[in-house]
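Just so it is clear, A, B, C and D label the chains in written order, and each chain counts residues from 1 on its own.
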Amino acid sequence: METSSESSGGKIPRSSDDDYTAEAGSKRVRFVQERTGASLKHVASYSFDPATLPGNVEHFIGAAQVPIGVAGPLLVNGEHAQGEFYVPMATTEGTLVASYNRGMKIASAVGGVKVTVVDDAMQRAPAFVFESAREARDFGLWLKEHFEEIKAQADATTKSGSLRDIQQFPAGPTLYTRFNYTTGDAAGQNMVGKATAFACKWIASHHPEIRHFTLESNFATDKKASQVNMLHTRGKRVIAEIVMTPDQVREEMKVEVEQLFRTRLVSNLGAFMAGANNNGAHSANGITAMFIATGQDAANVAESSVAYDFSEIRPNGDYYRSITLPALIVGTYGGGTGLATQRECLEMLDCYGDGKVNKLAEIIAATVLCGELSLGLAIVAGHWVTSHDKLGRNRP
Amino acid sequence: METSSESSGGKIPRSSDDDYTAEAGSKRVRFVQERTGASLKHVASYSFDPATLPGNVEHFIGAAQVPIGVAGPLLVNGEHAQGEFYVPMATTEGTLVASYNRGMKIASAVGGVKVTVVDDAMQRAPAFVFESAREARDFGLWLKEHFEEIKAQADATTKSGSLRDIQQFPAGPTLYTRFNYTTGDAAGQNMVGKATAFACKWIASHHPEIRHFTLESNFATDKKASQVNMLHTRGKRVIAEIVMTPDQVREEMKVEVEQLFRTRLVSNLGAFMAGANNNGAHSANGITAMFIATGQDAANVAESSVAYDFSEIRPNGDYYRSITLPALIVGTYGGGTGLATQRECLEMLDCYGDGKVNKLAEIIAATVLCGELSLGLAIVAGHWVTSHDKLGRNRP
Amino acid sequence: METSSESSGGKIPRSSDDDYTAEAGSKRVRFVQERTGASLKHVASYSFDPATLPGNVEHFIGAAQVPIGVAGPLLVNGEHAQGEFYVPMATTEGTLVASYNRGMKIASAVGGVKVTVVDDAMQRAPAFVFESAREARDFGLWLKEHFEEIKAQADATTKSGSLRDIQQFPAGPTLYTRFNYTTGDAAGQNMVGKATAFACKWIASHHPEIRHFTLESNFATDKKASQVNMLHTRGKRVIAEIVMTPDQVREEMKVEVEQLFRTRLVSNLGAFMAGANNNGAHSANGITAMFIATGQDAANVAESSVAYDFSEIRPNGDYYRSITLPALIVGTYGGGTGLATQRECLEMLDCYGDGKVNKLAEIIAATVLCGELSLGLAIVAGHWVTSHDKLGRNRP
Amino acid sequence: METSSESSGGKIPRSSDDDYTAEAGSKRVRFVQERTGASLKHVASYSFDPATLPGNVEHFIGAAQVPIGVAGPLLVNGEHAQGEFYVPMATTEGTLVASYNRGMKIASAVGGVKVTVVDDAMQRAPAFVFESAREARDFGLWLKEHFEEIKAQADATTKSGSLRDIQQFPAGPTLYTRFNYTTGDAAGQNMVGKATAFACKWIASHHPEIRHFTLESNFATDKKASQVNMLHTRGKRVIAEIVMTPDQVREEMKVEVEQLFRTRLVSNLGAFMAGANNNGAHSANGITAMFIATGQDAANVAESSVAYDFSEIRPNGDYYRSITLPALIVGTYGGGTGLATQRECLEMLDCYGDGKVNKLAEIIAATVLCGELSLGLAIVAGHWVTSHDKLGRNRP
């Protein structure tokens, strides 16, 4: 039985039998077209089976077609990703694919990008409010004493997640906590939410004095960049690095090491003074394009795009450049990874399914570094000024 | 003439005649399939004309199909958007559309969301490096004296952009600046980049002592959240607000005002202590879903998702809740807005083209507020504990 | 033998025999007077024995006389400090003592201030730089495996300090660490520096691949406020709290709970948006005045003044207010605590010497809370405006 | 008439005739001694006339004697301070004076420290709360239109202060503002408070819709470090710089430029990741010691200690190092500057009274830079490790 658009008033029609059919979608498309006057011809043109959508979207009417360009080959020297990759990037920003492609070309010419996953943590952050700070502190001690029991409760709810530790941050009458988990090949936000709720139920039934409780206290910080995540990792903490000799820089980039480096110095202080969560160039571009292509939750760009640049001229004159992504939230299982185009893009990278999440993290971080190289070069090559070479001199 | 995949080695094939044809795309699809073994059947299934893609993507191989759900009706009381809207949300995160839809239902029941665009600025942030701080300071004075001439240079490059002011931030031997523009209906990042480069060329030719120059110094801060953007706006600064009586809260949300408010207090301190750039709940979800659907640059989620929540219980007992988006980067012209599905989604909102950008900003902010209401409610309803109503008591 | 001022050129004279005598001081006083023309009559008037100064100052010429006012009685309900205290405050800022005194009077009238020390950590933050992130990560694992041996090295250098744990923060090729200690009754900065240097010597001799090493990497963050210290404590983390009934607020403060609370809401968002490290009112005032009086290192005001305010109206209408000092660096042994006036001021509080450090921390935090109450009241009482009581109406 | 301690209960005795006499002080000393059992012999030993204390302290009982050491000569190349200075530093931290003295010696040997005051602003930050954001935005436009009238009101309250501009920061229903002033030779916090209160009275009587008002909204941010002050200056923004040839570094510091520089790179990323408000070494030490000596408000160390380090190796190999103090709050008139030892210390620097405030700011900043050089050197010289020169190798 269905609520027809004709009788629904302003209410969006849903099918109470099965809302994930082409018909259910079409009915909503007609409803929207009638109400708004807009044509949804392209939106309604999709190639996937609507039956694949439960768990990914409600009230579906079709699909956004986000153009995908391919960049590569990207030469990666990771612990999980090794060799050349062709990287799918879904974007509407012109030059993005070309810029990453140029960076990949440079990187490949000098031996590729080294990548390392250095930490792994997904969290939910319940807060426990007491009469006063004293009870909150004592509860904190109690939490430490009962960690194994709490972990048993949390871990019982999931087969791939595992509670690592519980961090404590007391303030006022409240103990803010972070329940940190590893989550296998899933990004894991839902998994850790469920596990933490279950563990907190046990906690509440065994510790009587909790005055208020909230399962999330803005300390996770889901869909939000934060210092605590930059310090302590959310998702994967991944570091991509490259070393180039001065000759390689000259040959591949047509600039001098010192030019690249000096611009980094100015930008690093700029980021510090601006209070930015990223002293690099544009990690968000590569991450977003790959997230959309591969079925990651693109809203996590808010936190995943934070980055630390560290560059140096090594004692032997080599140019070392790295990007650290402290909160890269990725999965190769669950979420949007199984959808039609998304799965294909993961398969392009041999990153679909079990045991692939660190590989995907490495490829994304390597891609980001190539974008940093490329944009850094663009800024330097176009706009460098010295006392002997004034701004604009070289530009017609 | 084309580079065939057969002869390209690892190089991605491009057509030197016209790279934006179905054939050029297919050639790359075959190339990628051969190289990676992946099928790209769905990726290669798109309904748009590849000839529309220049300026949006390079090396195109097809499209990501991101499921779109529709939420609404959303009742908006803006200065530009007024009445009911059906909101397209492109996402792969289950429950997202349903959650926003629930928030819209609540908001509609109490008279809708009031929205106001309060500021408008897009910027590029060149840095000028001198021998010492003294020359940098004097250059700053010179910049102020010559603002009108500089503005004339910048404004000459664009018909819809206009240089508002130049902010100065001195540190060490460097004057960091922000060239702030209004940009009409375009998001305007490219526009302001070009205008600022042109203005800086004039500056460099009229002020001799600049030792180094960089067109961007991480002070913009493009694709990065930052305090400076949160303070001074990037894109539109938009505020969405709602007021509910205690009875309305009880009826529509099945909770008490005090419950909603108390959880906000705990979350606000959580965000402050966590060093988050957002003390709200999940603005990134709504913004990202609408950005992808409507052809905005989704990488701007990095900065656009920052938000300030402010809630209060008014003297008469009413519940006031607001969300301030200080860096919402949107356009209804240019970028991805003219692409096939993207344009349709803008048209669903009557937001395609000239004179529509503030309307779109208002609808997005109103949507975000509905999401805050809905998630806030979920947290409270599921997990509230008092001394008389312990955690888990109500949950089987 | 001495270097006379007559022959020293511009060099400040020192006595090579014993530089901590009245004569050595007088010689420098004469030298400065000759060079600068200033009289140092008052500077040279001190009552302490110069022989007490080694370890506290070099090139001494006398003393700054900072006026001390006394505030109180302050009623404290701590775990270490209990009862009434008279608090010495060294300051040159008029109204400061009076304001704190008023706050103490209010607090005493409603049963005093509850205070709890909830955490204790002093740290040094060495960084270890490697060829690449991979070696840095592996070193991190090695550090964990060898914690007991490292702790043995560190703890061997001190009888009151004890290494608690080592936190790791990887970025680029570097592993940043925080070596966290408890330090008994000393503030402990020097103690942990020495212990960490000793431990790092052992580390370097047992782990061969360290490319660079620095004993301090701006992660401690000594004499600097930082998010990491606000999250993880530097010195003592102390929380002071008070609960007042609406009648008590009305009687003692002549305002309504709602007025106090509403102003806090506005100020809390102000602090968040301003990027402040403190959403309270003026903790630095009380802390600085007590630090100078009691021989604490006043430069630590940079980090010790950070604070979290949390206020709420409890379900029964009571006004709860707290201040959390996450980085209060205090000692009752060592540093300036044994100097003449400084020791007397500690003795006023019965806080001199062994076993007193938590007591001192509690008294300082209680004092800070009284200052918050008092300034909060001043802002509200003087400047509150409602639609019925406009700004300035009550002010002639 | 006086309240005797005998009859006061716990109340601190005050003289209603004249509380600023030796007798009034002695009475309180006896009271405190009786109550606490502590001797206050040294506290009660002061050389100043108590009649000088009104406006600086209440309930005075004597003075803290903070040891003063002298460092120098410091060679300054400022616009206001030129030549050699002997710098009074009040501290109880051993090695502090010696360390600054060493830095001054290095700086003098290479031509001294160049210093420039680049900005000047003292502020009060009222917030205006409205029914909704729309009224707040319109009020913002009104404020701009009426700036001259508001300025006339503010400036009428002071002869040395002048309202520069009003910054606006909208969020929710509130317009946060910063009223920025220049304040002559006074630090000016009280001056701008009074001027702003007066201006706001005029505002409230001319703009009817203000729902709530608070004269301070944590946007100033008085006694608190903040991004907004780091961006926009509080007090003076001062930059101290030095350039050394590689030979000078080798000769005066016994290290290589590259060693100094590399440690800065590691520390700069450390500060960024730690969320510190200062990427330098220990500006708080020099600032606090000079603040206490010269009668500045030492509680302002909270905000004045924030700093930006910027170092580089110039193309010719020279080592450039600078420190930017964006919020140095100083006065040479008012506050504690006229007290006995404080005035003498200002006179040592020829910085007492009118027309001296920028000179004092320059000397303090130059001093801070010398401390950065000295501590930077200590870290490098003691703890540098390369693959050929392991940590500890050179240390017995």
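Rule of thumb we're sticking to: contacts are C-beta pairs under 8 Å (C-beta built on N, C-alpha and C of every residue); 3 or more make two chains touch, one makes a residue touch a chain.
Keep in mind that what you see is a predicted model, and the values were worked out from it rather than measured.
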item	value
Shortest walk length in steps over touching chains, chain A through to chain C	1
Given chain B and chain D, the chains that contact each of them	A, C
Pair joined by the larger number of C-beta contacts - A-B, B-C	A-B
Chain A and chain B, separation of their C-alpha mean positions in angstrom	16
Whole-Å gap separating chain B and chain C, where each centre is the average of the chain's CA atoms	41
Junction residues of chain D - those touching two or more other chains	169, 171-172, 174, 227-228, 230-231, 262, 268-269, 271, 273-275, 279, 308, 310, 386
Parts of chain C lying in touch with chain B, wherever the complex brings them together	227, 230-231, 258, 262, 265, 268-269, 271-275, 279, 308, 310, 312, 315, 386
Touching residues (chain side chain D, partner chain B) in the complex	79, 114, 116, 118-119, 132-134, 136-137, 140, 169-174, 227-228, 231, 237, 239, 241, 275, 308, 310, 320, 322, 324, 326
